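Structures incoming, each one as structure tokens.
Each of the next two complexes has chain A plus one more chain, namely chain B in the first and chain C in the second.
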Partner chain A sequence: MTNTAETHALVQREKGKKHMIQRRLIPAYIFLIIISFISVFPLLWMISAATNTSLDVARGKIMFGTYAMQNFKNLIASQNLAGAMGNSFLYAIVQTVISMFVCSLAGFGFELYHDKNKDRLFSILLLAMMVPQVATMVPLFKMMSRAGLLNSVWAFILPSISTPFLIMMFRQNSRNFPNDLMQAARIDGLSETGIFFRMYVPIMKSTYAAAAVITFMNAWNAYMWPKVVMTDNRAQTMPMLIANIASGYSIDYGMLMMGVLFCSIPTMIVFFVLQKQFAEGITGAVK
Partner chain B sequence: MKKISRRAFLSVMAAAGAAAALTACGGSSGSSTAASGSASVGGSQPGGHKLTAYAWDKNFNIPALNAAAADYKENVDPEFELEVIEQSGAGDVENAITLAGSAHDYSNLPDIVQFQDHYIQRYVSDYPDAFVPMEGADVDWDGFGKEKLSYSIVDGVHYGVPVDNSTVIFAYRTDLLEQVGKTIDDMTGATWADVTKVGEDVYAKTGKYLFSCSGDNGDLIYIMMQSEGVAEFKDGEPYITENETMHRVCETIVDMAKKNVCYLANSWSDYIDQSIQGDMVAGVVQGNWIIPTMEAVTGNSGKWQITTIPKLDGGEGYASNGGSSLYITANCGNVDLAKSFLAYTFGGSTQTYDNALRDGGVITTVLKCADSDVYNEGVEFFNNEPIYKQIVEMSKNVPIIEQSDYHVRAGVYLTTAVINTINGSNLDDELANAEQQLRFEMGL
Partner chain C sequence: MKNEKSGSLMAKQRRAGWYYLMPGTVLITIMSFIPIINGFLTSLKTGSSANMKWASPLTYNYTRMFKDALFLRSMGNTFLYLVVEVPIMLILAILLAQLLNNHDLKFKGFFRTCVFLPCATSLVSYSLIFKSLFATDGLVNTVLCKLGILQTHYNFLGNPTSAKIIIILALIWRWTGYNMVFFLAGLQNIDYSVYEAAKIDGANGWQTFWKITVPLLMPTIVMTAIMSINGTLQLFDESVNLTNGGPANATITMSHYIYNNSMGQGVANFGYASALSFVIFVMVAILSFISMKAGDKRD
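== the complex of A and B ==
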């Protein structure tokens, strides 16, 4: 009987503690709900604006409307949506694939074959991150022009296939790469190229995922450089299309938001699909 | 040996990656693409029938260019083709010229660019090699509104052909004026003091401001000053503290804002979205390109009429704000074709301007083109008045005043001075401060 009473008291105390902990968490939850709302609200507003008329959006209507299909029809009637989406996908995927290969190879080489000279070279590489994009715009434009590459695929790819940030990311994350495993592979007769493709790539897949998300988003959202070197209407990307809709004396905000919605969906999908690996890759996890 | 060579290979790859990154440093946000090879953009080839042009605004300027291209193809060159490369705004064209000029490489420019009137003088001065003068083109320059044409003349040489007419209109809601016992005729030739009185009555009776202006630019100040025939600059220097007209204009705006006659919007977006499309005002004073924005509020169709701008001492005032012209670039390989196209179409073709008006709402500055039936038709939104003809007539009277590269910056400083005065500061001090800041920015 006594035991039962003691057990009951213990359970009650535990329940009380739990309640206390839960009560303590209430302010934190309130704070997080507010922050979440602030973060999500622009997205919600973008979606609701895409369903309203321009005048409704201008007047600050937040509730969902019934004009989505008309906005979509206006969008495809006035802009080459399919072409811009296709171009953006093509450009972003090609840049992502090539950048992954080049930057990971560079990061692999810098970390796993490092010596003093390579470390010095890497320091210079990091300094390059400090140079703003606009400072290189004119020289890069001149280079592309003299090489006869303006309005060609290479004008887009060459300046972006290797970025200091991605090389640094791969190099830093390569520090967790198991050296013993590499030595064992060498003893077993695996070549250095084989080590890269058959060991490094699978082991570093989280880093690849994080780098892919970053590169894809950068490529998808790129505006300034493509605007400089690619001036053909047929090569228009989604950010260019959005900028065009947003120009002029009278802007159709409903149509604009429909365009922004289409522009946002691919990056959201890429992020959500690779979310777990992205988080692991950013923290430097190695499988 | 084998191992060393592979290591060397990977080391070289690392170095190559670094080198590529260094080459492209800072270019990480640039896109890499696999577009469909080389594009056909750039200057035209001699002897060809195709031109390329940069223009912005799919609902305004681009339909005008397309109308011109169709006109030229139908009546002059059946093989003619104009490829319009859409830009997101005037800034894109300015950036393209700046980049090409800085690199001394114009190979990526199209044959023709549309350029903002207020900035072209500076760009022709900074990059004289970027533009081809219109000398020798078969254009009747006397047929244009003088003020509009003055923007594209540099050192007495014509560099461009105007696209649109940016004459300022003062549009009133006649139904609201009626409520205070006024008509559009009462507002024509009135003083700003008269307008202020009417505005007070309108606000008291209807709760609406008489008109609005954007608080982040100097449009209203510029419009009021130009209608008086006085500039913000004199001999290349700011003309503010010693400018009696400027003082009176700013005082008037402060007075109108304090009396709820003029709604001072926080930004351009607020000006357009809230005050005009949000139906907060009984009037709009702006370049006529504002008309499509007003027409978006379809419920007010038939209630509007336009007239000229008031003046400080009464009489009809005229001004021009915004607008653009077309210029031939140094990359044009077929200058004769470009000149012929611009001269035939925007130089005075009724067919071009009729279709430009129908398709994009672009109004001509060529005075004879306003005699067409299209220009003389009544416009339902504006009480069936032939407003396009009226606007072209108004454009004849816009006074030419001194322009400056610092026009926009002057507007920002002056508007800040007005806002600070509304909030309690002394106008003289604020204008002195505005002039000092502007002089500093101009390096004077």
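== the complex of A and C ==
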């Protein structure tokens, strides 16, 4: 009795302190505003620099300018922008689609048909997580060049279609998949393939969304591997293109930032539209 | 009869399971396991890519690296980035997650989006943005000169110490929000009433942070720490694009040095590069075993 009365009094007091609470949080707000500004500023600067002449950028102009069109023209005159954008989209989309299919199928098989041998195999596959990219770079390069796949979409995507991370993500998230429903569907005569396409895929929609977002981002942003296998200029990706611009002796900052902007637009759109899925994709298999 | 039928059905199901996991398993085997074995064999050979032969002694490439000043420097650089960047970034990420988990805070979504935003840029993009910002004629120099802090324009990326500091700052900028996402997810698993109880008991923010948040987030802290160390050990894009390893290889990372040895202009020292990459492999493997041990405790 006294307890509830006490709690009640406390709640009343807390409510009365509403303004106090807000004042208590002022340092937190200031800190968050500063951090937010630092986080956003370089990107805003990148956009504004893309609209200014290189000289203005160097002079420290941070306001938006009117030179965007000229920067764009310089960019397409000196670089194969359309080609690189097209390549990046092609590679990232093909990788995402195939990767979703292969990894979800594997996660589905590992979790919903699991037995001792499959569990054992899965823990072996997890070992692939500790293989650093540089350690497989040379052997994979030799493999791709022997197979005549250099500068093709296959060279780009093959090493990253199937990853332990994605298989684990689908496997973990299949934990809650209704097993009874699967049995019922089997009794109703649905084939094993039917179960995957007609039940698993629709039910796991949100996992697919998160996995697809993270795969697309990784594929779009990939740099070291494309640099190794996409040696032909016509096969280059957006990150390679902007790295190219910046490797010159005198850098045209306006044009460079225009390129960086183009390289960032697709991932920015994905970020703003699918932020929740992106966050879920990052935390992925961690549940 | 009935038994037999259900038996064959079970067998059919089990087979279906194997079919499903086969493509993914085969791909990982061909694209990770076979190359790493190949890489190890290559690391025991010398010669250019066309005619490689077994090194004599077999460990030649491995003993060579300990006398390779440049490799030792790249290892030192990588460890420096790791030791300075990872703790600062993780502490900042936990702090931000803790602040954003406060139910009394307004504009949470806005702050979260802002802090998370750097993750939307590719590693090459942000490296180039930072390179431009800190260039001799970049914005930072201009502002510092106007404010009178600097007398003349300073070549931040031309000085080993300041170049390293800028790489570390850039890394913190890019990855803090990424790690914060893990901590926010971790905090959401903690019942908020624990915090309210602490508040009623008169605990201040600092005490709540150290006595509640940090212990309850320990598994997440261990996991993000291991992921960050793993990522830092493999640092490549920033070293290539922000400083190009310079000035005079003062900021080069291990992965960058390995790349230069194998795919760099005019060099195809596959054997030596493979041996070097095995050093990273061993480090990452040790880390992974530690993380598995830590993961066991969680279950």
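What we mean here is this: the second predicted complex is superposed on the first by the 241 of 287 C-alpha atoms of A that agree within 3 Å, B and C clash if a C-alpha of one lies under 4 Å from a C-alpha of the other, contacts with A are read in each partner's own complex, and residues count from 1 in each chain.
Rule of thumb we're sticking to: a residue touches a chain if its C-beta (ideal position, glycine included) is under 8 Å from a C-beta of that chain, and two chains touch if they have at least 3 such contacts.
The structure presented is a predicted model; accordingly, all values stated were derived computationally and were not measured.
In the model built by aligning both structures on chain A, chain B clashes with chain C. By the touch criterion stated above, A:244 is placed in contact with chain B alone, chain C being left untouched. When the two complexes are overlaid on their common chain A, residue A:44 makes contact with neither chain B nor chain C. In the superposition on chain A, A:113 contacts both chain B and chain C. Contacts of A:234 after superposition: chain B is touched, whereas chain C is not reached. Looking at the shared chain after the overlay, A:132 reaches both chain B and chain C. In the superposed model, A:87 lies in contact with chain B only, and not with chain C. Once the two complexes are overlaid on the shared chain, A:140 sits against chain B and chain C alike. Of the two partner chains placed around the shared chain by superposition, chain B is the only one that A:151 touches, whereas chain C remains out of contact. Once chain A of one complex is fitted onto chain A of the other, the partner contacts of A:226 are limited to chain B, with no touch recorded for chain C. Superposing on chain A, the segment of chain C with clashing C-alpha atoms against chain B, chosen from 7-15, 79-87, 115-123 or 223-231, turns out to be 7-15. Within chain A, the residues touched by chain B in the first complex and by chain C in the second are 58-59, 102-103, 105-106, 108-110, 113, 118, 121, 125, 128-129, 131-138, 140-142, 158-159, 161-164, 167, 192-193, 196, 220-221, 224, 227-228, 240, 243, 246-247, 253.
Looking at the complex, you find that chain B touches chain A at residues 2-3, 6-7, 9-11, 13-18, 20-42, 56-60, 83-89, 92, 95-96, 99, 102-103, 105, 107-108, 110, 272-274, 277-278, 289-290, 292-293, 296-297.
Within the complex, the chain C residues that touch chain A are 12-14, 16-25, 27-28, 31-36, 38-39, 42, 49, 92, 96, 99-100, 102, 104-105, 110-111, 113-126, 128-133, 135, 137-139, 142-143, 146, 173, 177-178, 181-182, 185, 200, 223, 233-234, 236-237, 240-241, 244, 254-255, 258-259, 262-263, 270, 273-274, 277-278, 280-281, 284-285, 287-288.
Chain A meets chain B in the complex at residues 54-55, 58-59, 78-79, 87, 90-92, 94-95, 98-99, 102-103, 105-110, 113, 118, 121-122, 124-125, 128-129, 131-138, 140-142, 145-146, 150-153, 156-167, 186, 191-193, 196, 218-222, 224-237, 240, 243-244, 246-250, 253. Taken together, the chain A residues at the contact with chain C in this complex read 10, 21-22, 25, 28-29, 31-32, 35-40, 42-43, 45-46, 49, 57-60, 62, 102-103, 105-106, 108-110, 112-115, 118, 121, 125, 127-143, 158-159, 161-164, 167, 192-193, 196, 220-221, 223-224, 227-228, 238-240, 242-243, 246-247, 251, 253, 256-257, 260, 263-264, 267-268, 270-272, 275, 278-279, 282-283, 286.
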